[in-house]
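Quick heads-up: structures coming right below.
Two complexes follow with chain A in common, the first pairing it with chain B and the second with chain C.
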Partner chain A sequence: MSSRFEAFLGISVELTAFSRFDLLGTGLAERYLATLDKVVGGEITDTLLAAFVALPPAEGEARIQAVRTTILGNELLGDVARALIKLWYSGTWFELPCAWTERFGPRPADTTFIVSPDAYVEGLLWKAIGAHPAGAKAPGFGSWAFPPKIPALPELVSKA
Partner chain B sequence: MLFPLESTLKADAKTVAASGEYDIVIVGSGISGAIIAKQAAEAGKRVLMLEAGTGANITLAGYDDLLTTFYSAVSKDNQSPFPLNANAAMPRSPQLRKLQAGETDSSTYIVQSGPYVSDTTYTRIFGGTTMHWEAKTPRMLRSDFKTRSIFGQGLDWPLSFEEIEEDYRLAEQEIGVSANVEDQQYLGQTFPGDYVFPMRGLPLSYLDQQVNKGIEGTSVELCGKTYPLKVRPYPQGRNSIPNPAYDGGKGYRPIGAVDTHQVEEGGRCQGNTNCVPLCPVQARYHSGKTLAKAFAVNAKAGERLVELLSQAVASKVNIDPDNGKVRSLEVKVYKDPASPAHEAITVRGKVFVFAAGAIETARLMLASGLRSTSGLVGRNLMDHAYLLNWALMPQICGTMRGTSSTGGIVDLRDGPFRERQAAFAIDIHNDGWGWATGAPTSDLLELVDDRNLHGADLRRGVVDRVSRQLLLAFMLEVMPDESNRITVDPQYTDALGNMRPILSFTVPEYTMKGAAYGRRFARTVFARLGAQDHTHYDPGDFGYVAYEGQGYAIRGGNHLAGTHIMGTTRTNSVVDKNQRSWDHENLYLVGGGSMPTIGTANVTLTLAAMCFRSSRDILKYLH
Partner chain C sequence: MYSYSIRTLDELKEFLHRAMQLEHATIPPYLTALYSIKPGVNQDATQVLRVIVVEEMLHLTIAANILNAIGGTPDLTRPDFAASYPASLPDGETDFKVSIQAFSREALATFLKIERPAQRPKHLAGKGLIQRKTPANTTALGSHPRHEDLHFYSIGEFYSAIAEGIEYLEAEAYRQGTTIFTGDRSRQITPEYYYSGGGTLFPVTDWKSALEAIALIIEQGEGDGGDIYDNDEHELAHYYRFEELVKGRYYQKGDQPGHPTGPQLQVDWEGAYPIKPNLKVAEIPEGSELREAATAFNARYGEFLQLLTRAYNGQPSLLLEAVPIMFEFRNTILELIRNPLPNHPGMNGSPTYEIPGSTKQAAPTRQSEVIA
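For the complex of A and B:
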């Protein structure tokens, strides 16, 4: 695995709170990195990854705060990181806000789109709530009569 | 279930036009057309079925393409699996906007002439709207057939419940209804002797059970009467566990997916939570299942009794001026949904059956200048009005699992209060606030973009926000009113040059009174559950209706009815109690359009029952 891909997985784990195992299991990690490259360009993607790699090795609240100030609260990177979270959770790339485009320039590929039919199916949102994407991965007859099995939060690398 | 291979060979327009007279020409391959085609084929009649939409989904591969279109659609709206087709267009709700007073909006397929803008829809494709429906299958109540006599509201049917009951059983068999008799015996509903439904009822969802825990044993008072509250299961047109006691102990064989090759899926609902707009495994009934049986009759007799001509839009009805009979039908047959190029053919038959849905059947009649002696074609348009109420339960309920809706609160479907206000049935939506807010996507956007959550906080946030969602959809009774109607106007046409339907609708006061009470009722239920009410109606909403100082966003119910109502004479109705046109003796207008009232039952089981009745009348006429 290239270190660039490693960094991409790392930031994805950090932002989504799903384990590397879960993220790789979707089969979409490479495609999502390629989506970032395609939509915002390699340069901004690299800046985002570099910001993640440079995060202080803090834990808990301090770590969360660092992500807020250096990534989510960064004028260039914040909206891109939020779009990446939404991409992982829903399979959809949501067009960046107008304010971002006005400031950093429009990107031709930046429209709202579903990366692929399986991206919808693999959205993390469904997994987070112990459900399944509407129309796929059916849990079986009568399963709906029982309480949902909401998966516990994984022990994440960054907290180790 | 197998489609005989030859049934998918597209009938050729030229052969159809040249092939002389059919016994029966049916317009529309929805459940109405399908039942009549099957009954006629079984009696050895030669049937031509015209379908305006494409027939690609007749094979499993074509059906699965619809699913891929759905997965790939950014906006998962109602019609998202069904590709655009300007030659057989259908209403699509995201395109709607609120109207100013006196304004008409012709930018969507249905021209909205207001004042109320309806997002009601139907699907023009092989299998019709059953490719899309949710498949709740309640019967109408006895009183629903006589609302004029009992409550002084609406109209009486020319048929009683007793006269339609046996056909209800046929419809339940054809659709394959899953329900338990003991759950359906509320409000005086009775079932004869040892009757059981074809399949056992689907279990209530965990969400239903949580709601029931909070309200069971409580009651409400309305107009001096007490109504106990409870969550009851809905009868459903989707496969569950067959009941061995069905049909005097013969049992029932569920019909799963249909294809030209043997496929084994859809024999039982798997909880895909996607019944609307498309069941991925075909556990939910669609009329292709009935048509497969109709096509199979051919194969046995060694000749093709039922021919299907898809991409064939019935455009004009020609009447014989001497006897008023339908002489022929002009049909526009297109090759490619992306191009308006078409060839016009004329088809002939002994009997014509228009089963194009309440709006399209009226449109076809009106476009042909046929308003009927009563002048009622297109009038009395009805559709259930939906009022949504949404809240967050105090506890995790596992929302977003199960069929679209397994249970509801249905004890206010009837009562003396119907003298003044509409009755309602309430669905509990297992898919949460989706219908009202676009959940869960809208929740994700809010949590990430506005509430700035990420990581573990986000994961906890989505559980907290989505898994506790409760949406109560009030399905309100709408009575017939002649000024609620479909019309046509040559200035509004579609790609093929056919006139488009124009919809004029005012939500009746009777219904709004029910809606206002419904809102109060929802607040009472939420209070008993300790649920946080999040309901709000935006004055800019296309369906916003002000009533007695409050505003309500009213949604269309997709239960279209009334545009060619049945009655006792040619002056008070368009069709007789067998759905035969009073004016044209060889013409049957079938489907929801014939219903004089709709009560609080989703219309399809009733219109399917009526089609069994009409089939018998048609066969009698042909003899």
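For the complex of A and C:
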């Protein structure tokens, strides 16, 4: 795995609260990185990944603060990071807000689109709510009689 | 009458335990190959594998029904039940290894051997069992409890021994005014618990239904006495379904074995994730998420075998609980197979099916007891 892909996985874990295993388990990690490259371009993607790599290593409040200020609160990167979260959860790239486009210029590929048929199926949202995507990954006859299985929350690194 | 013929009811029960083991042992290789297929490709292969794996589950349940019918106790938690892969299976005069591996030409070649119809050639007709060539520490499927170092000519022959054993023992019992079919009927698993596959599930209550049950297992696997379809002419046997994938063409009514003339089908042999064959948990780095997930899967699979054991021992309705677990396995297996295997560039993970509490092979010990 390239260090660029590693950084992409790292920031995706940070932003989605799902594990590397879960993210790789969708089979879509490479395609989502390629989607980011295609829509916002390699330069902005690299800036986002660099911001992640530059986060303070210590686990705790300082890191969470830094994610907020240097990534989610950043004028350039914030909307891109939020679109990446939505991409992982729904398999859909949502067009960036007008404010972003007005400020940084329109990107031809930045429209709302579903990355691929399996991207819909592998959306993290289904796992997060203990459900399955309509029309796919059927959970079996009678499964509706049992409570949904919601994955345990990952251990919060914040000591606060 | 052969040296290997079944003579006692206890022996018949042990054979049926091994029949359940054999039917179950085909499921992990088929499931793994099925879920190794990448999304969007190999839809024909996906369909073929899915139907076959569901029918193997039917066969497992049918074997449990026969065992229950003669007063036996199905036990999928017995330490020797879950196979260790690669496991050996008879294929004529030799035996071969069944592996957990990705969908590939090699996997298909093994699957064809599993389901191959095989009659003894003339020079072996009436002769005894065949000497095992695989080491004694591998799981030998379809083996004879009294002759662990030998194997049947084919799986068909293994089942014929069971069928003949049932007929022999029931005839003996009949002469004494009794029957071997003394099992509690409420332990039978009935059709409402089986769907989405070919064949039907029916209760086994007497020798007639027992022999029908065995015929169903054999015919769904290898066809009806050289015919590519099963007895009802509805369903293509597993062997010929796999052959369709290898030959890239469907069979149609009237076709001769080995010569499908139906529509072409597309197989993308590269359209599968590259998993490491017969992966063991010990090969996955300690502390990795993949190892944790593979271990959790095995534990869950062990619980699943416990649940099936309870279902087969008088609580059939528990099978309803088993259904969502099987679909949960699909999701977990997909995740395991899509995760790269650390330290093995280009290779992915896989379920290992190392079930907690199962031994590699209890056979060598028991074999020495028999000889002693």
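We adopt the following convention: the second predicted complex is superposed on the first by the 151 of 160 C-alpha atoms of A that agree within 3 Å, B and C clash if a C-alpha of one lies under 4 Å from a C-alpha of the other, contacts with A are read in each partner's own complex, and residues count from 1 in each chain.
Here is the rule we use: contacts are C-beta pairs under 8 Å (C-beta built on N, C-alpha and C of every residue); 3 or more make two chains touch, one makes a residue touch a chain.
Note that the structure is predicted; figures quoted are calculated from it, not measured.
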Contacts of A:114 with chain B and chain C, given as first, second, both or neither: first
Chain B versus chain C as contact partner of A:98, first or second or both or neither: neither
Contacts of A:54 with chain B and chain C, given as first, second, both or neither: neither
Contacts of A:142 with chain B and chain C, given as first, second, both or neither: both
Chain B or chain C, by number of chain A residues touched: B
Partner chain in contact with A:125 - chain B first, chain C second, else both or neither: first
Which of chain B and chain C A:21 touches, first, second, both or neither: second
Contact residues of chain A, present in both the chain B and the chain C interface: 116-118, 121, 138-143, 145-146
Touching residues (chain side chain A, partner chain C) in the complex: 1, 19-22, 24-27, 116-118, 121, 137-143, 145-146, 149
Chain B - residues contacting chain A, complex: 67-68, 70-74, 76, 202-206, 209, 240-241, 268-274, 278, 280-281, 396, 398-403, 406, 430-431, 440-441, 444-445, 448-449, 452, 454-460, 462-463, 466-467
Chain C residues within the chain A interface of the complex: 38-40, 195, 273, 289-290, 292-293, 320-321, 323-324, 326-328, 330-331, 334-336, 338-340
Complex contacts: residues of chain A adjacent to chain B: 14-18, 64, 67-68, 72, 81-82, 85-86, 89-90, 92, 94, 112-114, 116-118, 120-121, 125-126, 128-132, 134-136, 138-148, 150, 153, 156
